[in-house]
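Let me give you the structure first, and then I'll get to my questions.
A, B, C and D label the chains in the order they appear, each numbered from 1.
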Amino acid sequence: MAVMRMGYMHVKVTDLAEAKNHYANTVGLYPTLEEDGKVYFKGWDEWDHHSIVIEEGGVGYVRCGFKAEKPEDVADIEAKAQAKGYSVARFSAGSRPEVGDGITVTLPSGHEVDIYSHMTAYGTEVGTHNPDAFPRHMVGIGAPRLDHALLWVPNVAESREFFTDCVGMWATEEVRTTLDDDAHTIATWLTIGESNHDIALLEAPESKIHHFAFEMRGWADVGHAADIMAMDDVPIDIGPTRHGITRGQTIYFFDPSGNRNETFSGGYRCFRDRPMVVWTPDQLGKAIFYHARELNERFLTVAT
Amino acid sequence: MAVMRMGYMHVKVTDLAEAKNHYANTVGLYPTLEEDGKVYFKGWDEWDHHSIVIEEGGVGYVRCGFKAEKPEDVADIEAKAQAKGYSVARFSAGSRPEVGDGITVTLPSGHEVDIYSHMTAYGTEVGTHNPDAFPRHMVGIGAPRLDHALLWVPNVAESREFFTDCVGMWATEEVRTTLDDDAHTIATWLTIGESNHDIALLEAPESKIHHFAFEMRGWADVGHAADIMAMDDVPIDIGPTRHGITRGQTIYFFDPSGNRNETFSGGYRCFRDRPMVVWTPDQLGKAIFYHARELNERFLTVAT
Amino acid sequence: MAVMRMGYMHVKVTDLAEAKNHYANTVGLYPTLEEDGKVYFKGWDEWDHHSIVIEEGGVGYVRCGFKAEKPEDVADIEAKAQAKGYSVARFSAGSRPEVGDGITVTLPSGHEVDIYSHMTAYGTEVGTHNPDAFPRHMVGIGAPRLDHALLWVPNVAESREFFTDCVGMWATEEVRTTLDDDAHTIATWLTIGESNHDIALLEAPESKIHHFAFEMRGWADVGHAADIMAMDDVPIDIGPTRHGITRGQTIYFFDPSGNRNETFSGGYRCFRDRPMVVWTPDQLGKAIFYHARELNERFLTVAT
Amino acid sequence: MAVMRMGYMHVKVTDLAEAKNHYANTVGLYPTLEEDGKVYFKGWDEWDHHSIVIEEGGVGYVRCGFKAEKPEDVADIEAKAQAKGYSVARFSAGSRPEVGDGITVTLPSGHEVDIYSHMTAYGTEVGTHNPDAFPRHMVGIGAPRLDHALLWVPNVAESREFFTDCVGMWATEEVRTTLDDDAHTIATWLTIGESNHDIALLEAPESKIHHFAFEMRGWADVGHAADIMAMDDVPIDIGPTRHGITRGQTIYFFDPSGNRNETFSGGYRCFRDRPMVVWTPDQLGKAIFYHARELNERFLTVAT
């Protein structure tokens, strides 16, 4: 396996203190480092140093990183990406705090994607010896980990090729114009392992980030998260509801700078031989929001 | 205690077969009688003959009925209602199928409300001897019982007086223009026992029914109900979500004729000495839809 | 209605500090008073001054109190109890901290039961003006309120008579030797309102308290409570599981002195016309523990 | 990745009709083939022809099969197993109904394990085009898929080596005599992907199967499953509860022949760089049953 998971998401925020409060006290992440106008966070069930980076000065996507198992995997992806003609640059250990050597690939959409195989170990509160099931004093919605992101890209097929051919992912679900083999792909959900998606790509007029998601463990936790958001005055885009695509149970909400976050629970266990699900535009409402069965304007037009 | 609960809700539907399918197969009620263009239903956890009556020929409220414990309670309410100047008429056993003698009070809003103390016993599938916790083969969303209704009335105080002074209910929560004692009441949630509301009244330009609700037992069941509604193509107004008022977890949805139904779970245990909750218009969004914190147009404008 | 609910439970504990830690930090109650070797607590959804009293010096039942709506209700119960020949004594406001005038009835079993109509108002953290659905920072299992208790009595019928004939309760479920009308009642679940039980009585060789229960709102909260108990090293007797009787979802556990506590969720909405459920000894396992369908030794032999 | 998942579990049952009723009507599997004294089943979320085989004539483990992605993966495992000295035999397509060519490895414990890369596609009720989130009419507990098994083996390290060195699995959690590097491994949880375990091995005096597990999606479904088991008179070993190991929420129960089944929900998302959790014997109760924190006799002594 070339990479293991999305290891970090780095976004800009307009006000660092306000954003820090959101990710620490509402989302419930642990701040692990604050320097140079950036704050680094990890979830309670993540052992690497960080999975979220927020940086003051605007809004929206800076980059995301995928963690490979070994340096050889990074080199392999580098070679494949160069062979495919993608723009690839190396970065050195320490150029991103607590991250080892790696490469940055610039997708045709313009999104920068890091691939790396080392991050400083930080550990978890419950530890690895006779651990409790979760920390005794959970904060806010208690997000255990970063789960995935959805990028807006002008051309899905072009960016998908990097993730499939160089990184080793495959599509678990797609929205296509028709069921025909030569149908145009409007959106794709790509996985590297057994979850529904480590990254998803949606055709859009601009290259932006639509949302990044934190894992939740079940519908009860999704409901509790919505209650906490109400108490903390966090704007909810939609939810709690279910996606038709991935079957995940979800809330879309916004950080104080307007970056869309998601709490995502569930989906199903994916395998390479599982037949891909195809959604067609006539059922797009149900595909995105299974209960309401209609898209809202914000979902279609707001990204950062 | 003068009455025990809302015993039945009787509404008109435009197409009886379509509506019967909705209440039987999606809501999961048991049809117990079909005659004269009407279908009668009960929930799996109700032992009286019926709690829902649908009647072909239009849409909207026909009447609801409250069940009193004893004939004396009906007589007592009759006397109090007459003393207050409400319009009261008697009906005889059998004039409503399987219902005993009773009275019909016409509220100032024009809504007819029956009070009765006898309905033919029907029993439940699980029975009363070493019963299982629920029927082994649940249908649709498996609503156990009718819970409450919300009526649109032109003047809340006028109709409330019947329920408080004649029937013995009291308000658990209200929306008022201000916190002052002489504030105008925009809406009231009235209970006769320990649930948040057996009936609620909302000030509106017309006398209609906004919705009637089926009890659900928990957030998991509410989520499951939303999934079933998606599969059965039932239009969802909003939800799953939580109400600020009553704390209930909820879905508003429509029957095929456009009557709004609700699945309502939770709330808290009410008592006569519990301090009444007051909501003010600045927080009305949160009061109605705790997560979205804003009202939707449909909620404010659609009733039948 | 003569009384509204069980208002307080007063038990002895062997070590006050240890017990205070249990009820405050694990059960999540708010300590409201500490004096004379006693600690008083209320749940987050209770507005009266206290619902639990622990007193150092032993273990087990001291007394419980039922709150009536008005002083006249107390007087009415006093008269009925005296007429029935029960031992009745008056107590004055202040003799129990923050409690008004009342009476103490000694049941044939020897259990003392207080009836009172006033307790100092304390209020809740969420308040009554545009309140949040629950406190933002919940402690431990976050029990909202005292729910009910189960007493061991030598003769169920004798003690039941006080609750039915003097207090106005009725039985929602019973365990009887047979289905015959003249069957012997082994246990009874008595309610004054719409919950399954405000008090239950079980035939036993000694007069003790088997358990007292805190309300939980749903299976997810019951599961979470079990996790917190594991982290806090609280001995669990049984659960999470469901009762056949009442359908409630439950955990039995012990405070540090060995008094059995329960977290109880669910049940169904009760009404005076609901047919009583009867359980017979051949299905007693299923009646008590619906999943395991067998009683454990501890349940049958341990009370305090 | 060498294999993708445990593809099937084949066990003996004493009475085929009784067992078929259990797996079809209580567990909710779809029978897909019945021939030669065997019944084949699949879960609603499985697309291959079968995942469970029951065979009349005794009780206990016959074999399990792991599905590899490609024939080359099977060949690779064959070569590695032979090099390690394991007993390996080939089987031809059709020798197991609907299964392609494969190999059978006999573990040092004596357990036979199949590796194959093809099974006839069967499809699912919801399909792959705009699918619903689950079948509209779920049967029994509605198990979506086979999840994992726990084998009793005389020597954990010996059998583990096949799964790690030949199949490519790694341990996510272990029970070891101490925290020292040279500690003896009492039990191991082995994964090939992102779930906690595809197979687990427990040191025991005999070579048997302790249980095989069906996936559940959340605590609410686990609770519902327990209710259905009560109604269907299925013996529950323990649960609903949580495991300390894997954090999974669980019920152990028995099929009519005494084979132990499990409904398993949750766990956490595993990755190769996640630090392994080690449990030590002093906390074995909490490791196995997180809530009760003590092992029951049956868990330790019953296997088939």
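Here is the rule we go by: a residue touches a chain if its C-beta (ideal position, glycine included) is under 8 Å from a C-beta of that chain, and two chains touch if they have at least 3 such contacts.
All of these numbers come straight from a predicted model, not from anything done at the bench.
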Between the pairs A-B and B-C, the one where more C-beta pairs touch: B-C
Greatest separation from chain A - chain, by CA centre: C
Distance from chain C to chain B - Cα centre to Cα centre, in angstrom: 31
Whole-Å gap separating chain B and chain D, where each centre is the average of the chain's CA atoms: 48
Centroid distance [mean C-alpha coordinates] between chain B and chain A, Å: 43
Per-residue overlap in chain D, given as positions that touch at least 2 other chains: 133-134, 218-220, 227, 230, 242, 244, 286, 290
Residues of chain D touching chain A in the complex: 1, 4-5, 45, 47-48, 67, 69, 121, 123, 128-131, 133-134, 144-145, 179, 193-195, 215, 217-220, 242, 244, 247, 266, 268-269, 271-280, 282-283, 286-287, 290
Sites on chain D touched by chain C in the complex: 219-220, 223, 226-227, 229-230, 236, 239-242, 244, 249, 251, 286, 290-293
Touch list for chain B against partner chain D, complex: 132-134, 136, 218, 220, 227-228, 230-232
